[in-house]
Amino acid sequence: MVNDKVILAYSGGLDTSCILKWLLDKKYDVICYMANIGQDENFGEAREKALKIGASKVVVDDVREQFAKEYVWPAVQAGLLYESRYLLGTSLARPCISVGLIKCAKENKAKYISHGATGKGNDQVRFELSCYSLWPEVKIIAPWRLEEFTTRFQGRQDLLKYAAQNGIPVSVTPKAPWSMDANLMHISYESGILENPDNEPPSDLYLMTIDPKSAPNKSVKIQIRFQNGLPVSVETGNASYDNPLDILTFLNKVGGEHGVGRIDIVENRFLGLKSRGVYETPGGFILHTAHTDIEQFCMDKEVYRVKQTLRDRLSDYVYNGFWFSPEGQYVRNCIALAEESVTGVVKLEMFKGNVFVLGRSSPVSLYNQDLVSMDKHSDFSPGDATGFINIHAIRLKEYNRFQKQNV
Amino acid sequence: MVNDKVILAYSGGLDTSCILKWLLDKKYDVICYMANIGQDENFGEAREKALKIGASKVVVDDVREQFAKEYVWPAVQAGLLYESRYLLGTSLARPCISVGLIKCAKENKAKYISHGATGKGNDQVRFELSCYSLWPEVKIIAPWRLEEFTTRFQGRQDLLKYAAQNGIPVSVTPKAPWSMDANLMHISYESGILENPDNEPPSDLYLMTIDPKSAPNKSVKIQIRFQNGLPVSVETGNASYDNPLDILTFLNKVGGEHGVGRIDIVENRFLGLKSRGVYETPGGFILHTAHTDIEQFCMDKEVYRVKQTLRDRLSDYVYNGFWFSPEGQYVRNCIALAEESVTGVVKLEMFKGNVFVLGRSSPVSLYNQDLVSMDKHSDFSPGDATGFINIHAIRLKEYNRFQKQNV
Amino acid sequence: MVNDKVILAYSGGLDTSCILKWLLDKKYDVICYMANIGQDENFGEAREKALKIGASKVVVDDVREQFAKEYVWPAVQAGLLYESRYLLGTSLARPCISVGLIKCAKENKAKYISHGATGKGNDQVRFELSCYSLWPEVKIIAPWRLEEFTTRFQGRQDLLKYAAQNGIPVSVTPKAPWSMDANLMHISYESGILENPDNEPPSDLYLMTIDPKSAPNKSVKIQIRFQNGLPVSVETGNASYDNPLDILTFLNKVGGEHGVGRIDIVENRFLGLKSRGVYETPGGFILHTAHTDIEQFCMDKEVYRVKQTLRDRLSDYVYNGFWFSPEGQYVRNCIALAEESVTGVVKLEMFKGNVFVLGRSSPVSLYNQDLVSMDKHSDFSPGDATGFINIHAIRLKEYNRFQKQNV
Amino acid sequence: MVNDKVILAYSGGLDTSCILKWLLDKKYDVICYMANIGQDENFGEAREKALKIGASKVVVDDVREQFAKEYVWPAVQAGLLYESRYLLGTSLARPCISVGLIKCAKENKAKYISHGATGKGNDQVRFELSCYSLWPEVKIIAPWRLEEFTTRFQGRQDLLKYAAQNGIPVSVTPKAPWSMDANLMHISYESGILENPDNEPPSDLYLMTIDPKSAPNKSVKIQIRFQNGLPVSVETGNASYDNPLDILTFLNKVGGEHGVGRIDIVENRFLGLKSRGVYETPGGFILHTAHTDIEQFCMDKEVYRVKQTLRDRLSDYVYNGFWFSPEGQYVRNCIALAEESVTGVVKLEMFKGNVFVLGRSSPVSLYNQDLVSMDKHSDFSPGDATGFINIHAIRLKEYNRFQKQNV
């Protein structure tokens, strides 16, 4: 009898190593899938470990270019921001990894996908909705939601014991008192000591950005060029970058060196819990700041208002795991239409945690210096504003009359 | 014959001094009204000047407490932000000053109000809509929109000449190559050299905030307490403040010293023009940052979403001059209802242009550390998430089926 | 040992009778709860039946007044309409019944609530979310979602067999080839032959309304008076009604006689399925028509726009079962604020399926006949409109210029 | 000297005939432009009249096909409805006529456009914004907003006197005590005796539709086929129509015969006045009813919600005269994207004022009879709903806990 094949989203850590072994115990044929999405990981070591535990195959998939181009770039173009502050670094990675998982499953004729996401979090939803949307027939094994598994592994100690019993190598570095998730766009930190929302995150937590207080006294200036709302190049004194992966990598470096892009928030998870998250998104924050500026410079006032409501909806869709959904696809298309006019250059300066906008220009902006200038005569006469105001006042005067009626 | 009385919103500057004289030439009896709304102004000198030119009376009205309590505080509570970035410092001042103007007009039995706002800007609209809403019968004289006036005074030179001819004292300080408007909440700068949106604002422009690069190397920490979404006290190492005016004054000081609250944006005016504005709002920015944090900590997820759409609408109303309007009043009331649960303390740190949130706590937050903790069993079983995901997947699977139908 | 007590939402039909017996088999002490919410039901007979099967008690609770006043009236005030067409008759009944269930459970010290709603529908969600919100500790038994139950009862035949085996009386009338749910506000019909959305509902399906084609040739006229957006009286030629239950009962009668309030739609269920529903809501439709008319007559233009977005949200909340939720409560409060100005009388005529609005009046409307009249001079001069238009044209002209730039 | 050329939007009535003469008095060279947009008009007679008065040329432009295809069809596709009830018949005609006016102006090298719309209404705004957007350089003469004109012509008597003095023929039919505007889509009636919103419109007012009470006792059934949200054909027992103009003409006929599509509302004009309007839109109402039905049948639930908010915005844009605007164009494009899935057939029955939907079908609908059927096992297990409900209950239970905290 041939065992059923499972593609396991494998990280090399304790949890997914134990899950790997547990799936093998359950007589599955397990293929470990690792997406290289920009996290700092020794993939070779992880591969060794998985094979040693018993994986029949380990697939390491470099999805960094897709991630930057097909997920981060549209998010920048849309100006996505969850609950006004979170740049969605993890949320954007999940559908990208899911594409890799499904591809791997189909290539290896596997019917099952498994992952180590927990039962209270958002990532389980994002992975699974993405997978179901891409391939409705797929079967998913989420051990952290199976009573059999959670009864056996009630805490980290049970996992460590199981690892010891099964010869699973365990990192000698003691686990940090929080969990983290990293990719090309950001690192997120949560749980453990961060669960008390009044606790300041320890200074050694951050891995992508320097403490703004230790950042250089000398600022750095760059220029970002946008076309149709998408970043197309970054220029600095002595270099320029012009593809998404290079741009993002460069901005992470320069942003990290200047301590930009940290946030500490309490957010609402899809499941309805409030959760505290600490994020560092250096390059993403710079891009968001620049895009916000050039967008308002180039886009029509009323189109902007429609687009902002679409942005708020898309932010929720993406956070909740609906990247691949009718509404996700639809709203991305609508936003791309709105961004067709967003073309130009933003000048920026990074300094000790700040990203300052220094100026912006565009070959096609709706901004009209002559029109706005107080020293120039324009297309409309000042007297027109009198009529404009008087007409708007009609309703207000009527309301005043109405209120007196009520007395 | 008794001359018609006009209440002139007087600033002491060249424009309104010439308007004062011009109104006198037109045989009006002019009472100059000056609101002390926190701007740095020598009211005594301005009074002298107005009387010397021929004003029959000068009223200096200290509206700082009302401004802080009745305009800035509701704006903080609502989280107002125009086009995602502008904190509305000038927009909030206009209705407050208008109340003073109308009060002054009624007390002095004047039928006319006059102001020096220009014909391309937002302030004319804000003043006049506020006045018409408060007192529909009022008549407004806006010289910069009258052909007779604009023909005579085509530029600054004409005003200077008229001032010289009429013995109107002119400041010896040369005019800055931009215009500014100041109040307790902020200073805004626009026009002149700022009209080119690619020009970086000169470093000597800012008057409320130090350059972040020159700010102290040592940060400062404070705590802000909110009740029902309104700031009720600020505590620092050695002092505390507990009324709106004192809180705002203190935060302006500490924010200014640490260079926080500067922005440089292109915005859409109500009249439809795009305009470049530079703003510094030290205290307002600190309050906005703190409120944003405590709000998300305390407010229900879905109420938050409704409230954000109301905030966006109210931001437009306020920017456009509809503070006193059915919709302005209505939406403020709705937002106040949503903020009833927003009570707690935010810890903040100011450092070289940054405002960092260090932590937050609340006696009544919806945040539930036990519920979110990965180490605790909760009210719901992990298996529930499976059902949650599967149900959400129904629609996505159907869409996949649908798309295949289309092929 | 004392058996655990269950409150069963009992209808007297085959399903809940079998569930009653099944719960007894499982050693529960079952109290049957029947809400009299206006459905056409022989409660005495149902009580007999339940006691005969083995219920320890049967509670018949007349909630008609609460339903009309606390659920239907706020829905009329808000103008609720799900997906532009459905008046939410069933959705409104569920939270009302849930209040009764929880009250009954607490009075009888029961920890469990059970119901016969199916696993694909909306009602399970509405009942359970209402119950959990009102009493988080309650335990719910939903047999149609339990594998043990659904395996045993795979179809109607299994239920009939079980009934026969257990001496459960079964109605001699053959079951209609659709299911229905009735209350004071409406009857809904779905499933069975209605599942094919292209099948016209059979003419003998409708129980509250006559076929418009058979309705009287003579129309009937009534007047409905609203205060703060709530109906306060209905007047007809020879009678008047002034409490919610009487008004609704009367309007159902007159509406039913004239064949008004039928709709046949495909709607989106909360679970994501599309479902075909046929509804008849005679009184509710008349009230909705009248309220829509008086609201637009009395409410400020911009407040109306805000209120409509709130209405759309509340319609979704109510449909999805979130009547008792932070957002449901909040938005109802906001809408009630907006409706404070909605006071007046609407004249209506019912004729063969139609509800015609014949006129409306209000002691306090914002409608101003003098202002709108073309024959009267008003507060604003016609020339003002020129300025109004010219200012609005600025942005359009700029866009024209912009588009040429692009070429 | 050559006189400046004016294109006058000419109707043949008293007002525009007097305006024509007045413009000639002012030494303009006047070309009369008449759009045949489906109104019942004797264009030959009107042409004679204009030439007799002194027009240098009369252009009669048949725009019926463009109107149906480029304005009415997109409105049906979008489901446009102003303030929940008005189908926008007049609003849609104005931009269509404006295109003709601008084309006529350019062809005849005229710099001016003139019209007879009044100074309190919406049409002046719609005409002028459309013209400015299409051709920013155009100059507009709106006599009813010019003091010179309104002083001279203070009422209908002054116009009649002027006509008599200048040999302008006046219709012998006495003017109805209301004004009307007709086109292919609808007739609107307002002012005069209709200004009292409590007056029932007289029965002889309606010209497109029979009184429902006098409509045939025998109903008529039709089928409308939609593709991408646009009507592509109508089938009746013995005929079918497949281009926009023919479809609309046929539906007007059948709708008119059965008395469908009348409404009587008070609406909010763009200028802020409330105004009473009576409309009859037989074909438009049938199309709207059918589209609403097929749209909900075919469109994804969440895409539908986004599309409805876009529809509400577009309805306001179109009503206010912003058909040709960045936001109008943008939102139409977005809606067209959403409608790509709206393809199918709706069966309808017209009877004495009613339009009943009898059924609908689609080759590609998201409706899945197997999935929704209670008799079929589906892709998800009933137990999944338990998890779905429990997860949604988390937030509600927390809120209950929160409220107790507050006590």
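Quick notes on this structure:
The letters A, B, C and D name the chains in turn, as written, and every chain counts its residues from 1.
Just so it is clear, a contact is a pair of C-beta atoms (placed from the backbone, for glycine too) under 8 Å apart; a residue touches a chain by one contact, two chains touch by 3 or more.
Keep in mind the model is a prediction, meaning the values are calculated, not measured.
The greatest centre-to-centre distance from chain C, using averaged C-alpha positions, is reached by B.
Note on A-B: its contact pairs, compared by residue number with those of C-D, B-C or A-C, agree for more than half at C-D. Averaged C-alpha coordinates put the centre of chain A at 44 Å from the centre of chain D. In this assembly, the C-alpha centroid of chain B lies 40 Å from the C-alpha centroid of chain D.
Counting partner chains per residue, chain C shows two or more touched chains at residues 136, 271-273, 300-302, 305, 309, 322, 325-326, 365-366, 368, 371, 379, 381, 383, 385-386, 388-389, 391-395, 397-399, 401.
By the touch rule above, chain C contacts chain A in their complex via residues 300-302, 341, 363-366, 368, 371, 379-381, 383-395, 397-399, 401-402, 405-406. Chain C meets chain B in the complex at residues 136, 271-273, 300, 302-303, 305-306, 309-310, 313, 317, 322, 325-327, 330-331, 333-334, 337-338, 379, 391-392, 394-395, 398. Considering their complex, residues 83-85, 118-120, 124-125, 128-129, 132-136, 142, 144-147, 150, 155, 179, 191, 195-200, 212-213, 217, 219, 262, 264-269, 271-276, 292-293, 296-297, 301, 304-305, 308-309, 312, 316, 321-322, 324-326, 347, 351-354, 356-361, 365-369, 371-375, 378, 381-383, 385-386, 388-389, 392-393, 395-397, 399-401 of chain D touch chain C.
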